[in-house]
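Quick heads-up: structures coming right below.
Look at the two complexes coming up: chain A is in both, with chain B in one and chain C in the other.
The block that comes next holds the complex of A and B.
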């Protein structure tokens, strides 16, 4: 400062600048304090929201395999395909774009153009299930507003083979029907997770302690008991057999008598699971052999005979006088005309001639000579407690039905109702329930849970083979088992021409029983114009190896549905198993 | 004795005179040195003791070290992040190979399709035969 006080001295000027600098620094410090301390949480969140990326990694759905002879082959796999989409707002010249798309991936120009001209939307799907190559070709076109998106799909190398057994996976990734539904939790796996600080391009940066990287766990690999060769031949024979008798639908199954493993199971008509969305009739998805119970008709008689023999109320060589009809609760139980009217019959005649009165007589023996509470309760115990009818088998299929066995003590017309059940009317069961029950009777008396899964293998390689289970032992005693087997062999032997056997198989044990069941009307009573044909039997050598059940819905033929529609299919299947699938002959 | 006394007096006089003299910077240093200087003691050695690092130097060194550590941290972080790109590349390659493998598995399964085999040229040339008999054990 000068002596006059007008000018500041250099030191004073420096001090002023210094003070100003301090003020500016103070402003910065206060602002930084505000931003970094007071607004810390807010800015941290804002920063993380743009840098921290969190993705859920979808797991790969488990592959399904089946046997092909001694090896296994995948029959359901996963394939990444592409959906072609567009944002119509960005597509200026729709005709040119549509033509370019047609040139690259095929399709119709008009269809693309119409989709591209859709108003009031920012997203239209132009095509689905494009291959990777097609997707790359679309990318090369470099069309503004048009792109592809990767979508995982289930793929079926065997086409429609075993479609109803397998089921399908819907657009939401949920398994529907068949194995896909029953084992959805095992097949779908566990999603993984990535949470990481990323760069502008979204690449996760490793140097961050908050990063999370959990790998997805793929779904379990499922190995089925099915043999695809047998399945294919079964499907072809079923289709041809149904066509032969003018039936529009039906089903058949083959299971191993000594393990309960289902080797083939088919229904007709079927569908292509890769194009399930094209199916208009939802019934096509249903595995009828498991999900559609029906009144099974006379294929019940071997079980009625087995129960009576096991109870000891009849013996295998016993004869009785058959009056050809019984009057029970004001209703008449009678036989078909071809059975020859009243006469002395044996127990095996009941099966060979398919006598309704014979089955009723067996039931009467359970009640000491008449159908009464004891007879009903005893027969109910066998049906539900021994043959496990009226309850789900637990087979690995979606929508398995239980069937219906009437209560022995509750309802109207109990005696006639139970007389009907002795020959497979007035009750319902699925072909699988009947097949599993017959297997337990002819294999010596062990009820194996019918199963479609041989093993499952988790993503870390652990195998689970706990699918073959014994549900019940001593279904019937071994002597009864042998007797029923012989009686069913006798039935085939006596009726081989009727059933359509063109040649004999002396080295093999083949037994069976037809069933021609009345079809219930929804409003009550039975239709008189149509019947369902059933056949249940076995083929093997010293012991039954395979149990076969055939169902033919309302064939349009002049003869009996059981013997002339279902039995020829059984004959075809027996020949197929003997010729192509190594049934062990008698030693 | 007189001469000795005279010397002593003179010396005292000199000291007094010295006291009254104005101290300069160099003289003050000299006095300082003399204060600590002892007989046979090397002055140079005394200087080296006086060169200890002061608080300012300490602060600067600490700042430099902190900067170096920071720089080291930054290089390591950058290096680690550079690995992220390598990891990402490898993962992309792995995904590509897996996709290729899956596609091959699908193609292989399709080649084994029953319908394809049934309609194949080889199958078309097969002739149906009825078994002539069965070998029993």
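The block that comes next holds the complex of A and C.
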């Protein structure tokens, strides 16, 4: 019984089979060598790309506080809220899911369903700012593809108070506008870092020498110079004052004359920082007092006078003949407000009557009787070098503007253009720049950096009070300082009725200057129908305590914008300071 | 080859113990290798147990404790298999077969759950058992007995008495295990066992080729209608094409193996075990071993299996009779196929199968039955002959030289136990 299949003995068969097993083992080892040694780099990279995850642990953003009388209270806090999101790919029955969500956290079924049916996306946001409780209720539903994510939010115990000063924090956690932008790096803190080999769910696995774990460092606590009460009253008065004169926008500023600390600053209209995303007009975010330079008009005149007096080219009791108009470079300088015609005027008349011709005369005196290179250069030096116009003050605000002071020797019609600057036209400055400059003129000649920050406190408790700074001394000499202060008091005194003081405050020193500024047309030249009303002044006892700057954009009234629209607001604010905030009376 | 040599009548030795199969010292090296393999598995399970437990939400040493329990049970099974006289195993044929059928039926009617996605498990209380392990054991003993009888009756050439029953048996197993239980891996193990045993028993090579062709056709029939199997095959051809979906496990396994490098990333440093590579402690454990211990460790493990196979092969060659030899053949086929299918899948040489790596994988049923099988080989190792035993079966054409029993008088007189050590053959 011979068969082709039987010629192998069992032992031979066993050995053939065993040899096959050994071959398989050998193949496996060769394959292992290929995968683990030759292609190791590739697989290692692939493994790390999915396993190694780097996380930033967001630090807690610094709290912002402001003064409330003697104490400080938080004006910006943090709160953890929840964003409800979905991966539509995983949501099978959108109607049921939407109904369940409505049942758990309210809202509209239709809206949820529409969002859940979004095509071609793996991430839709269904609701924002859910509370912890709501988030837990969503978790209880156990809906596939729907989850909540913790998101830190800024909260504002004072509502929209000082919104433009504060700014806001956008969804990416970046500070935008105001303090939030200017101090973003301090407020933000240092993120913690985790670098770790993680499991598929992203949970770091313990024990790995490449792991890094750095705790986050909270942002610094910021204490503002703002006084909440003063800020609130200023905002209310500003709103009412603008409404009174049919102005759509404006701003006001109260600054400590002897420190540069900004106690209140606001613009209207403003916004609610808790709902910044609802704002359609981006201009609302802008703190115009800091960011919107304008031709300031006649409030420039006290500075012009101060420069002329400080140069010694005029003295305070000097009189001159005012022709009521000057012809310079083929242009005519005349007065806006009623000037009573040509005649003999004193230096203080220039302020009290707001004489453009007077300001021009002051500039002429700087050039020895005419507007020339010397006059222009001297005046330029004062504007830029003493009053620090044309450059940023460094106030802790986002988007601070520097304004524009024309070059004394470069351009056409230099003389008329410089004559214009002597009464606040043909140049731009922010109300804050003007306020800080006036403060330096009336406080004896020291320019304090206008600032909003009293101190910052780092997470380890270190205080930094290095925000009040003297930028320049001897802006003008003390004598001139006193003279300007008196002249501005005289201006108020004389125009008391006109500016709306129903009763004066005899034991207080109040000085000021109106400005009715022409509004430049974008294509050049000035509009003849509207003016901006400005007022710049101070209030105090023996010495000016607060400097106030008021801006009323294009009020729709019949009189002069400066005296009819801006001055009453100044009067309101002065009264507020005296009545409610303890201005020291004259002793 | 002296093909024409007359066949000798069968001796009683094939059935019982003759003088050549006196009891001697068993093969302790086999046990040592088994222990080594178990320890490697235990270390790896221990290392990844905390992470896996955390994901499963159970105690930190959940996996280790369960594995140790399984090993404890396995030791009982080992002892029973090692000390119950092997020539009596035949009598378990029928009870085991009935048990296997019952277990399979229970598994088939047990509803599936997310944790047990196919009809493969019998569950009582917290324990679960893969019915196919009982089937493998029943078939091992049943087929050894069947083939031994075919040899004894000189029917190995017979289509009617030998080939047909085997093919029918495989057909039934194929339908139940591959189709109803969707357990293609175990089907492959059973096919390999059957093939190896029939081959060593002396199935004519022509028949072997024919059966091979039949199996190939059966494979096609089994694979093509099932989309998940087609997926696995196409995934296997190109695992990196579809890393996110059907190729995910294959891809993650390759990443685990490849990122191990020459020396591995260290026992404590596995990344792939935690959530990336599915079944890290069970079917995918070889990839984790490769990741932790690198090429050195992985090839060492393959060599350990190779040595283990070598010991079994020696016992197989010296088996005292056909029945015991066929048992050992079946066990080697079982262990090697399971190991190769498992490792081959992890290194991208074979498509993925849900099958455990003997000794190493976490999983109670596997460990208990593997240890029982080792016990059986251990038992037989006590009766091996001094030299390669080609004589106890009378099937094949006898080879010219018969050295069997030549020195038997010596070692019997000295009463020194024979160590089945291949080195002595030199």
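Basically, the second predicted complex is superposed on the first by the 505 of 587 C-alpha atoms of A that agree within 3 Å, B and C clash if a C-alpha of one lies under 4 Å from a C-alpha of the other, contacts with A are read in each partner's own complex, and residues count from 1 in each chain.
As a working rule, contacts are C-beta pairs under 8 Å (C-beta built on N, C-alpha and C of every residue); 3 or more make two chains touch, one makes a residue touch a chain.
Everything numeric in this text was worked out from a predicted model, so none of it was measured.
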| item | value |
| --- | --- |
| Partner chain(s) touched by A:17 [first = chain B, second = chain C, both, neither] | second |
| Which of chain B and chain C A:35 touches, first, second, both or neither | second |
| First (chain B), second (chain C), both or neither touched by A:44 | second |
| Touching partner for A:8 - first (chain B), second (chain C), both, neither | second |
| Chain B versus chain C, judged by how many residues of chain A each one touches | C |
| Which of chain B and chain C A:27 touches, first, second, both or neither | second |
| Which of chain B and chain C A:79 touches, first, second, both or neither | first |
| Residues of chain A that lie at the interface with chain B and also at the interface with chain C | 199, 205, 207 |
| Complex contact set, residues of chain A against chain B | 68, 73-75, 77-80, 132, 155, 157-159, 161, 199, 203-207, 228-229, 231-232, 503, 507-508, 579, 585-587 |
| In the complex, chain A residues that touch chain C | 1-11, 13-14, 17-18, 21-22, 24-25, 27-29, 31-33, 35-37, 39-40, 42-44, 46-48, 50-51, 197-201, 205, 207-208 |
| Chain B residues touching chain A - in the complex, by the definition given at the top | 77, 80-81, 83-85, 87-88, 99, 102-103, 105-106, 109-110, 112-115, 118, 130-131, 134-137 |
| Contacting residues of chain C [partner chain A, same complex] | 1, 3-4, 51, 55, 156-157, 196, 199-208, 254-262, 268-269, 271-272, 274-276, 290, 294-295, 298-299, 302-303, 305-306, 309-310, 313, 316-317, 325, 329, 332, 336, 340, 343-344, 347-349, 388, 390, 393, 395-397, 399 |
